[in-house]
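In what follows, chain A forms one complex with chain B and a second complex with chain C.
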Partner chain A sequence: MTMPLKLNGRLTIEDLNALPEIPIEGITYDQMYIEKQPICPEYIPPDQDIIPSSKRTVVIDPGRICMPFGAMWAAVGVHKCIPFVQGAQGCTTYPRYTFSRIFREPVSIATASFHEDTAVFGGRKNFIDGLRNLIIRYHPEVIAIITVCSSEIIGDDMEGFLEEAQEELEEELGPKILDEVKFVITHTPSFAGSHVEGYNRAAAAFLKTLAKRTTPNNKVNIIPGMITPGDIREIKHILKLMDIEGTILFDISETLDCPLRLPQPMPYYPKGGTRTEDIVNMGNSLMTFALCPDQGGAGAKYLEKRFKMPATIGPLPLGIHSTDLFIKSLAEATGKPIADEIKDERGILIDAMADTFHYTMGMRVAIYGDPDIAAAATRFCCELGMEPAIVGSGTESKQFVKDVWATAYEYDRKPIILNGSDMFEWEDYLKKDKIDLILGNSKAANVSKEADVPLVRIGFPIYDRVGYQRRAYVGYRGGEYLLDLIVNTILDSKFPDDRVQQ
Partner chain B sequence: MAIPEEYKLKCDFTIPERYKHHVLTNRKEPNIPACNVKTIPGDMTERGCAFAGSRGVVGGPIGDCIQIIHSPSGCAWYQWGTRRNLSDIYAWAGPNTLCNDSQNRRRAVTSDLLEKDVVFGGMEKLEKTCLEAWRLIPGAAGILIYTTCTSGLIGDDCPSVARRVEREIGKPVFVIDSPGFCGVSQSTGHHHFNVQFYDQVVEYREKHPEACMKEEEKGPYDITIIGEFNMDWDLAYIKPLFEKLGCRVVAVFTGGERLGNLLKIPDAKLNVLHCQRSCTYISDLIKEGFEVPYVNASFFGIEQTAKALREVAEFFGSEEMMEKAEQIIEYELEVISPAIDFYRERLTGKKVGMYVGGPRVWHWQRVMKELGMKVVFGMCTFAHEDDYEKINARAEDGVFLVDNPNEFEIEECLERFKPDLFLTGLKEKYLCRKLGVPTVNSHSYEKGPYACFRGMVNFARDIYEGVYAPVWKFARDKDFI
Partner chain C sequence: MKSCLNLCRGTHLVRKRKNGTNLPLCSRPSAPGGITQRSCAFYGARWMLAPLEDAIHVVHGPVGCASYGSTVRGRSFRVFSTALEEKDIVFGGRKRLIRTIKEAKAIMPHAKYCFVYATCSTAIIGDDIENICKKMEKDLGCPVIFVNCPGFKGDSQASGHRVAYESLLNRLIGQGKRTEVGEYDVNIIGDYNINGESKVLKSLLEEMGIRVRCIFTGHADYEGIIAAHTVRLNLLICQSSGRFLAEALQKRYGIPYLKVTFLGPSQTMAGLRKIGQYFGLEAQAEKVIATGYKAIKPGLDRFLPRLKGKRAALFFGAARMASLIKALDDMGTKVVFTGSQFGDLTTYKETCQAVSPGTYIIDDASEQDLEHLLDELRPDVFMGGIKEQYLSHKLGIGFCPFPQLKRAGPYVGFQGFLNFAGSVHNAVYAPVWKLARGE
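Here is the complex of A and B:
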């Protein structure tokens, strides 16, 4: 065997094809150089008049995904729950791709497989057959029935279909089958809202369908919203330190971040997720916290109305102030004292802030994300002495505007707020302003490179880096992690190498 | 021939109609499973929709158009910079800078249909969307409009909008009508794109003869490459190979291509057809309409790439070209032999399972053989009869085949056949890895390109990394089970 050839530098397509030998390790990405060709010879500026999204119809780079996706996210957080999507196959396959990209985990979602005939005659047969096939092979404990644009437009009567399906199931498999599996219907036509609303509707639907009031207990309910498995672990950690029993709906911490331990069950089910009996029991809790007002608030409001259960809706406990509020509310609701360990954790975050304010103060930040995350990130930036310059939310939300204004007023900042805007508009503001740092999801990565402004990744979705789904941003320890990310990014981009240490 | 009893998967006892989709390969009398038929609802299929086939696969790689999705924003979001169909055409990000990602992947443009549009119709909105997008993303060569479930069901007349916009902007505006619920799989979307794009190209050429290639520009060895989507820059090896042979590649349908070149496809002398599932349709149409023949080709592995070169040379009947082909093949083999020998030595005897959309399952039978690996089962999402004929012809006898497999069948096959490696896509990748089976992403690749002689080294390397990664040793440690 000849010695492996070592390649240095960047090879054009021509060079690659002229190499006399391909080395054992193949050609790596960093060796391959593709020359960019401009779409047209000269730069033509976009029409400035219609850049603000309020002045146009077209949406370019939407910061929101479809409503069913939010409902699927929720359902994936329930133990042995399989979402059943009443629509075409793409409505299942695309979300599964998205989950896999973000979490690097398998996600099982069933589809009614709409074809032309279904669009004409309705989805009744596909639904009834589909439920039967799913139950008989997978034995799920819950099936989250999720509608999409097509089934809503053709007017599928899901409640009626489900009654019929249950009758047929009982006939084929005996009456016991209906005790073994629960059904929750969530209506999520994407033309009526985004993933944020999908999660919200799923929270309400699960509680309406399953929660019961029997014997009150001392638990608290937590509806986390679309935050990471790491975030949910952090919430559990806080509850543990406070010696509080809680139910988390929807608990993706052990369904979207699972160990590789052989052998696995077949069919594969992750071992985690909120148990059905715990959801039933959520009617008996002391109170409900919906951490994200727009993602889960509807669930807390339902319990409040139905069972007169006090509800605390937002803010997301990210940063000092919002985590303080969360901890205090927890203590008040349960009568438990604030644990000493928690005070230490808070102290460590405060200590980290005290050590780093020279790096963060005055930095101008552009923020983009789902409304609850963007509002929470804005507040934390202000707490670090940074200046939020542009804050955008992909999904329109009154609460988002209210929260950002409250923060801005408190810290005397004047950010541009883009409510329910697309990233095209946000990007334009960012590129014209002098911005030091971006806080946003992976969809902001191109903008970050083009505008040469560093990006700190936060929110949904993050698919171009590993490990973010395992980390917490919420709680004091999450704040510590986010602070480290922010400061290290500033050190990387704003400080000369000979001045990064003191 | 029906699947023998001992091969019947346990997970399908309760949905026995699935057994029609299972066969064992046979070279002499090919066994064709039931295929290209409706999916059984609720069976946990891996299939996608027609929109994914038209926008995601065939139309997505076109490099210099604004691609508008007429839908609520979700469908556009899912198509935004996801598939690794790369291009070197970049929009301007500012006066002196180009964007960070190529035009076909950089942006998601949508009419963002809302409830009121569903009730009152979305045509006016679509027209505004097109005209505004044209002002906001300047410099594009045209507009492609895609319909989805929502716009398909509300019945918007998109072609009439396209005609008005085309008059307004003076550039081609094509409509691809392929809502997600059409057909049985993404394969329908491929078909729709082929036929509708072809029709509109022909119509445009008739109205705008200046879009055709002028007689004096035509060369004797002009070819196109049809059904090649430039996954992870496969074209970096495919195109130069034909140029070395003496051909001129006029256009690629559609990998990273400019619309202007796509309009000239009928002016070539020969179409070289790579993806014979998604693009045979347009090749047939061009053959009928313009009398331009095509040859089927595969650019994966040594034997098949060599065969493609020889057949193109033979088509042109030039002695010189045929000689050239032999020289290229001989030289390229020298270039890759040390690396390929290294990997063959380490991969010989390893068992591989394969699950790709359709054609790659037959494209790669020979490649696996060239690496010394043994294919133990194969699965296709949307293959048709001709694909299964090709698999039967290329595989060893008795390889277990599954048409349109579902998640449970994949799990059971992994357990039953215990492959050392599974070639599969992104959604299935993490399931398999969770079950302790290494995978190589066979749609978008791990670290490509994989095509032609030189790309095969990357492919072999990624397979080797999969099989030999130290992690599997830890995962199987009995003390921690």
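Here is the complex of A and C:
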């Protein structure tokens, strides 16, 4: 009996049911064609003219969030630092909610509690009272003052207010208070950029306010960007193997991934985070590495300009090539040899890649994320022999386009690059193309289900799975983990269970 | 109680006396510099209106508000954002908004109505959104509703709840007609279908022969909302956010409302009896109660002895406070402190009546207040939102999150009480707490 074959040789459910018996060679998942019910019965595919984000003003399913969030992320990575948000209550509660969802940790962020009167009269009174209340109740070491859309539009003069507040604090609590508490102002109006820019600005603001040059030392500065606590641990591990002392600015590894040990000291403060004195000392280091060009690059550039400190900006050490670059420049900057253990780690990753290239070669992937992560993931995919078909970033970035083109040129690929686009456009390209795998954050989960393409979670934010914040993607060991994730996901979805045994 | 807490919170924190009521100060703007658990009016409006999925939701403001506002109660909803940029802030966002609404309609042509939310930025730069909406209404031929919810409006998200209901009341309710109106038609106000609650309530009432026409806003659609004035009775469940709508419907259309709650068997029974009495369906109500209670009896016998005498603490929005305390009473669990982010005088009065003497009641607690209260009173289980969850875990106290996990199922009705008891039981008896203490 000859079966009526559907487009590209696939069998529908009816065809499958009509089969007298399953052929000896089996039916691979690939041949099956399971028609999905659309979510909404009245769904009409949108006009093709409206899909490119350059042709419309509306933004749907944005891949970015607001600028203050990036600054808060940075400030949370400083020891005993509380971000003080000069804005309405929602501007702290939404980010706290987002932090809780991603990291499953309590995060303290204070608010200036803007109400109608503040919108009319300005935020001066709220700011001065707020700082006082915050200091009395929480005794922070650093207060990261973060502005939002509303305070920027009203035109709150934060520097002026801060001077005034400091005078009042000195009067009330004695002059010692100004040594005990440091203030850092970051201007982050959300209409001028995304969380990526917020982190960038916070890095520059912290260094501008705190870093000093006294006696040079042999340390290196590392500004990691918005990567996970696990990633930061991996970077510390690399530094330890290389016997290099380093300061990681915005070290969230022990503030957003803390142990539960009873009894907790009260008030509860995470014990980790970059110390203030280390930030002050960052002016004395040998060199600065900003791992993500768009997230933290401004900090490295500031140190370069101010203290003539050489800066290496990007790429994120993810995969073989970028990690090689990172380790080489670490060795060159400090004069330390590359440790044998690191060479072994590299060897293990290479071995893993050799063992699995059968699965990964030629797979077409769609990538979406923050610009630095998306660019790094594109390179790693190319290293695995995969074919990046669509690469999208939520935030617009020139560096991202440059990096992706460089990779594509090197590996002779021709990806569609969506720079600063939303997920709506990316989704449409993905559905029109034949894609085998998605590399993206949790926001791509729905798309992945709808288009029936498996998803490997990477980047920010991941809130629908546990434990991703503890895992590293950077370095050779991180590459190993990501490789395993990718291959296992392919095995799960592209191969029948009885065809994966060795 | 620690002195520093009393010093800072003043009379926002009270302890119930044996005789007489003492209520905490409430409905005040929170002091700046605190780590507040409250949120903004935009959050409140999204919380109310997000489940209306047959509508276009346009957030007029920078992209951040839209990305936060697309997640409500742990679920993603599609929102359209105007994603204002610097030049729009300077020159006004009018053109951008008009184009966005048109494009949103082109992408979602089946939508029957459209909400446009204001945010802090657009309210301060003074975009005349209301007029733009009126103009767009003519162009699109469907209601375009302005939700005036800039983040700084009011004290907390409660003002957003109110704005959302106001916009529904003023622009949609009463616009439509129903061809057939039943004798036993009701609306439910203040159920948000967090985890299938709407289905449970509907089936409970349908067993009694009562038809639910519209559930604000957990299970509402355009047709239901515009004809919401054609029912016989409104059932008010969330007493803080929904009371406004229930009272307005009574005033405008003369529809009476009944305050009912379906948390815990005693309140479910009382609620069903009340409704039965109103419609003259007492016998049917008793029948539903009997079958419902019989079904969960074995489960209760299993769970309740293990929960008896446990100490619970609550920190919520406002709605569920009093009713949840009564549900916990059914469970035999004692409440040691309870608080809310935006409760008003009525909520606290009800709460004060429900709790036993010696219980602390706190209004607008900051993170530190909760930390001190938890550390001092060490309850066996703490209930609240996701922001409080991980603080509680860090202190080694079991937590029961609201909105609950999908796995836990709905908490209302008879079976729901069993689900709830199961969740509390899991939070109290999770082996991890023993291990954490090193026992």
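Structure notes:
Operating definition for what follows: the second predicted complex is superposed on the first by the 459 of 502 C-alpha atoms of A that agree within 3 Å, B and C clash if a C-alpha of one lies under 4 Å from a C-alpha of the other, contacts with A are read in each partner's own complex, and residues count from 1 in each chain.
Keep this in mind: a residue touches a chain if its C-beta (ideal position, glycine included) is under 8 Å from a C-beta of that chain, and two chains touch if they have at least 3 such contacts.
All of these numbers come straight from a predicted model, not from anything done at the bench.
In the superposition on chain A, A:Ile348 makes contact with neither chain B nor chain C. In the superposed model, A:Glu14 makes contact with chain B only, not with chain C. When the two complexes are overlaid on their common chain A, residue A:Thr93 makes contact with chain B and with chain C alike.
Number of chain A residues touched is higher for B, counting chain B against chain C. Of the two partner chains, neither chain B nor chain C is touched by A:Met361. In the overlay built on the shared chain, the residue A:Lys431 is in contact with chain B alone; chain C does not reach it. The contact surfaces that chain B and chain C form on chain A in the two complexes overlap at residues 40, 43-44, 46-47, 50, 56-62, 64-69, 84, 87-91, 93-94, 96-98, 100-101, 104-106, 108, 110-116, 118-119, 126-127, 129-134, 136-138, 148-150, 153-154, 189-192, 194, 258, 260-264, 266-268, 443, 446. On chain A, the positions that touch chain B within their shared complex are 1-2, 4, 13-14, 16-17, 19-29, 32, 34-40, 43-47, 50-51, 56-62, 64-69, 84, 87-91, 93-94, 96-98, 100-101, 104-108, 110-116, 118-119, 126-127, 129-134, 136-138, 148-150, 153-154, 189-192, 194-195, 258, 260-264, 266-268, 424, 431, 443, 445-446, 449-450.
Across the complex, chain A is touched by residues 11, 14-15, 38-52, 63-64, 68, 71-78, 80-82, 86, 88-103, 106-115, 117-118, 125, 128-130, 132-133, 135-141, 148-150, 152-154, 179-185, 233, 236-237, 239-241, 244, 334-336, 338-339, 341-342, 407-408, 411-412, 415, 426-431, 433-436, 447, 454, 457-458, 460-461, 475-476, 480-481 of chain B. Put simply, chain C touches chain A in their complex at residues 4, 8, 29-43, 58, 61-68, 70, 76, 78-86, 88-89, 96, 99-100, 103-104, 106-107, 109-110, 119-121, 123-125, 150-157, 366-368, 371-372, 375, 386-387, 389-391, 393-396, 436-438. Put simply, chain A touches chain C in their complex at residues 40, 42-44, 46-47, 50, 56-62, 64-69, 82, 84, 87-94, 96-98, 100-101, 104-106, 108-116, 118-119, 126-127, 129-134, 136-138, 148-150, 153-154, 189-192, 194, 258, 260-264, 266-268, 443, 446.
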